[in-house]
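Shared between the two complexes below is subunit A, which pairs with subunit B and subunit C, respectively.
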Partner chain A sequence: MIPDFSKDDITVVSHYIGKIFVALGIIQILPIVIGLICLEIAAVVDFFISIITCLSFGSILLYFSPSPQELNWRQGMIIVALSWFVAMFVSALPLYLSGHFECFLDACFESMSAYATTGLILIQDLDHLSHAHNIWRHLMCFIGGQGIILVALVFFFRGGDALRIYIGEARDDKILPNSITTAKFIWMVSFTYLLIGSLLLACVLMFHGLPFPRAIFHGLCIFMAGWDTAGFAPQSLNILYYHSFVFELVTIIIVLLGATSFGVHYAVWTGKYRELKEDFEVKILMFTIFMTYLVVLIGFSGNIDFVDPVSFFRYTFYQLISGHTGVGYSNIYSSQLSKWPELAIIGVIIAMGIGGCMNSTAGGIKVFRIGLFYKSMKRDIRKLSYPESSYIREYFHHQREISIDDNMVKTAMVITICYILLYFSGALVGTFFGYGFLPSLFESVSASANVGLSIGITNTSMPVFMKMWYIFQMWAGRLEFFAIFILVRFLVKTVKR
Partner chain B sequence: MKIIWNTLLVLLLLSAISKAQTLKALISSPDMFDGKVVIVQGELIGDIFSSRDGFWVNILDSGTAIGLWVPESEKNKIKFLGRYGIEGDYVKITGIFHKQCVQHAGDMDIHVSCFEIIKRGSYKKEQLPLEKIIFAFSLGIVSLAAIGILHLLSHKGSPPHNQ
Partner chain C sequence: MKKRLIRYIGILKRGIIGISIELVYPLIVTVAAFLISLIMFYSEISHR
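Moving on, here comes the complex of A and B:
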């Protein structure tokens, strides 16, 4: 018999949520420092209010639910799902206080979009936002890309507990023997790339005449949101703001690195460069990029409205890569994207839906699962062509040789079906509110697969229910469903009691 | 008679040109304005990006922005670029709008030929509502007191639900 939820579950969950509150409060010290350096006192006050709120709630929860016994799996899952929701609310507070949002729901939308590394925005007058708030928007992307829990994992969790919540955050690669060392490795890789990537972007901007402080500010923001495939930018024009082809090329490299599995990063870091060539997921990623771009090209055939082949490639490939890796950076206006031929739009939708690699910062179904279905199909076809008694095995190389088993395929299939349902649910909601089906599907896939490209639907004037539904899609898409299913069951049982 | 008609036609064309377009109109209907002389007004924002024989600067009008390609000679006219705490120079520009600029690898832009400062930008005094400060201060005191009490209680004995 499945044990029911008990009072202990509530105590344990409250305890860890308390820790998440405290962690979020501590992290907000960074934007306060930026605010003090830039003499943005109003922003400092906003973050002060937010920090105090986080620490107060955290302390209360920690006091009333003291150090619990070891976590079990379902508690881990509930903590993950709730943490993301709690993080959305508390992180929206300084954003809302900045006065750049029409309502608190819009600020929540923005913070969930950042944490889930989506990149859809509802902020008003972004070009006059303070540096402190802007850094906070991008820092949320950086934290969310790695995983909110991953932040707390390094500091607050015990070894056994760590694994249970690590997996809840849609990560199942233990690159190193335990989850805490894996989390530390992921942070080390991310910070190293942060340093190199931000400096590289800053160098490009300095070449275009920006002074060092401005260049490094833009470099940091663009790297944090690019590496974590979030797609936020410090200016309303997004990547269009920079008017630089070279800058766009650097962002493509960064987002491709971000969409690559941390397992592959680990292999390369430890000198196993062959992994880049041999990893099954990397091969599938390259293949799906090629195939979806082919769809875009066919979509444009006979309808090429570009001045030359270079600009055609520059704009079409950038949107495709941006969609496929889930970053959502754009070097065209959404009104231009909406005028693309339908087949080209469908190509981008497919790319967004597939997404990047597992255990990367990208969202979507993930190329790993697509590859798994291909291998599984291949195995089944081979089975049919051999005698019934023969045992057929199919392998793929993902850091090591892995044999496909039915459970692996079944789990992948369940998650894929959930994604497809989520994509179409958003499309139906959009269509219900009077938007065209294809634009609605585009925006829905963009939200669910945590991409952030927009065809023009996402704005402050869209219906409140759509905003709430997109928040749910971003959340569910980022956590890959299971943690949310368990949370819903937990809440239903708690309410029934 | 023909001269009068021609004069009227020129006047009509001039009046059409001299009417400032909104950036939103340009971006939502680029085909209508592609390659034509347009007049736009707005606030210069962000940064200046140098390039060969000119520079880029972005202009913002009612929440919509676009890149301006400006000759190097105009650079000294710009004093303020809008960002937090700064209201950028408000300008009226005349230039050719490109849906896809051949010179700039397909960028949607405006090549500026005439650049006029309508209102000089300025540093804005930071708005810090008194209520917000009082709220932050009170919240800080109450929270610190609450955290202190909880801390003391947790050292004195077990929390309530374990007693």
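Moving on, here comes the complex of A and C:
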């Protein structure tokens, strides 16, 4: 018999959600510091109000739900799904108070987009947003990319609880034996690259004439959103603002590293350099990048209207790599993207749908699952061509030699089907509201696979239901469904009581 | 704290070589993609 949800479940979930509130409140001290340095008093007040709200809600929940016993799996999943939703609301508060959003829903859209590392934006007059609010937008990308829970994991959770939370946040690989040490390793890699990447980007910008403090600020923002494949930028023109091929090359390197599994980072960082060459996921990622780029290039045949090959490469490859890794950076206007040949757009849609590596900051179906289907198909074909009594096994290398089993393929298949349904649901919603099917599919895949490239549909004037549906797509796509299914069941059962 | 710092520096030492190697793979992807687009561009131009 399936166990029912009890009052204990509600107490445990409330306790941990209280901790998430407190953690989000503490993190907002950083934008306050930036606001004080830049003398942005109005922004400081916005964040002060937000911190008070977070700490108040957190304290109330912690007071009424005292320290619980160890978490079980379903409680862990509910906490993950709910905490992302709670984080969206409370983090939208300072954004809304900034006055750069038409309504609170737009601010919620922006914060979910940041946390889910999507990059679709509804902010108005971004170029005049305060530094404090801007750093908060990018910090949300960084926190979301690492995993909101991963932030709290290091400080607030016990070993056994941590694993249940960690898996719930769509991270399947435990790089180290313990989830908390894995979380700490992920943070160490990210902070080291944060230092190197931000400085490198700042150097390029200084070379192009940006003053030192601005170059550092832009470098930091672009790195945080690039590494976590979110695609936010401090300027409304996104990467087009910088007009620099070198800057684009550096961001390509950052986003490709961001879309690589932390398992591979760990192997390479601990001296197993061959892992980069042998890892099955990296090989599949490279293969799918080339194949989808080929589709884009074939789409452009007969339409190449460029003076030199470098412009053509920048125009096509940057959007493709941006879509495949899920970053959503763009060096062209969305109106230009909408004029791309249909086949080229389909190439980008496929790339966005596939996404990056498992246990990376990228979204989408993930190249690991695509590779798994390929290996499983290969095994089935071999089975059919050998005598019935023979036992056929297929292996792949992902940190170690792994044999394919049917359960693994079944789970991957369920998640892939969920993704495809999510992609098409958004396309149908878009078509219902009068947009063309292909642009609707593009925007829907971009939201669900947490990419952030836009063909022009996402803007403040789009229907309210579409905004809400995209928020759901970003949330469901980021958490890979299971945590959300359990949350829905929990809510239905609680209401029925 | 000191032990932790020493361990971190140890990992970082190996990490520096790791980072350098990791940077090679995105560069290979970019250069290879550039070559494909170059072939495409010139084959298109030559057919005009």
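The rule is short, and it goes like this: the second predicted complex is superposed on the first by the 497 of 497 C-alpha atoms of A that agree within 3 Å, B and C clash if a C-alpha of one lies under 4 Å from a C-alpha of the other, contacts with A are read in each partner's own complex, and residues count from 1 in each chain.
Operating definition for what follows: contacts are C-beta pairs under 8 Å (C-beta built on N, C-alpha and C of every residue); 3 or more make two chains touch, one makes a residue touch a chain.
What you are looking at is a predicted structure, and each value in this text was computed from that prediction instead of being measured.
Contacts of A:Leu256 after superposition on the shared chain: subunit C is touched, whereas subunit B is not. After overlaying the two complexes on the shared chain, residue contacts for A:Leu294 are found with subunit C alone; subunit B is out of touch. For subunit A, the partner touching the most residues, choosing from subunit B and subunit C, is B. When the shared chain is aligned, subunit B comes close enough to touch A:Ser59, but subunit C does not.
Once the two complexes are overlaid on the shared chain, A:Leu195 sits clear of subunit B and of subunit C alike.
In the superposed model, A:Val282 makes contact with subunit C only, not with subunit B.
After overlaying the two complexes on the shared chain, residue contacts for A:Phe306 are found with subunit B and with subunit C alike.
According to the touch criterion, the shared surface of subunit A, contacted by subunit B in one complex and subunit C in the other, consists of residues 306, 312.
Residues 27-28, 30, 45-51, 55-56, 58, 60, 63, 65-67, 82-85, 100-102, 104-109, 126-128, 132-133, 135-136, 139-140, 143, 146-147, 150-151, 153-154, 158-162 of subunit B touch subunit A in their complex. On the side of subunit A, the complex with subunit C involves touching residues 188, 192-193, 196, 249, 252-253, 256-257, 260, 265, 268-271, 273, 276, 282, 286, 289-290, 293-294, 297, 300-302, 304, 306, 309, 312-313, 316-317, 321. Within the complex formed with subunit B, the residues of subunit A that make contact are 11, 38, 40-42, 45-46, 48-49, 52-53, 55-56, 59-60, 63-66, 97, 124-125, 127-131, 205, 208-210, 214, 218, 235-237, 240-245, 306-308, 310-312, 314-315, 332-333, 335-336. Those residues of subunit C lying in contact with subunit A across their complex are 8, 11-12, 14-15, 17-19, 21-23, 25-27, 29-30, 32-34, 36-38, 40-42, 44-45.
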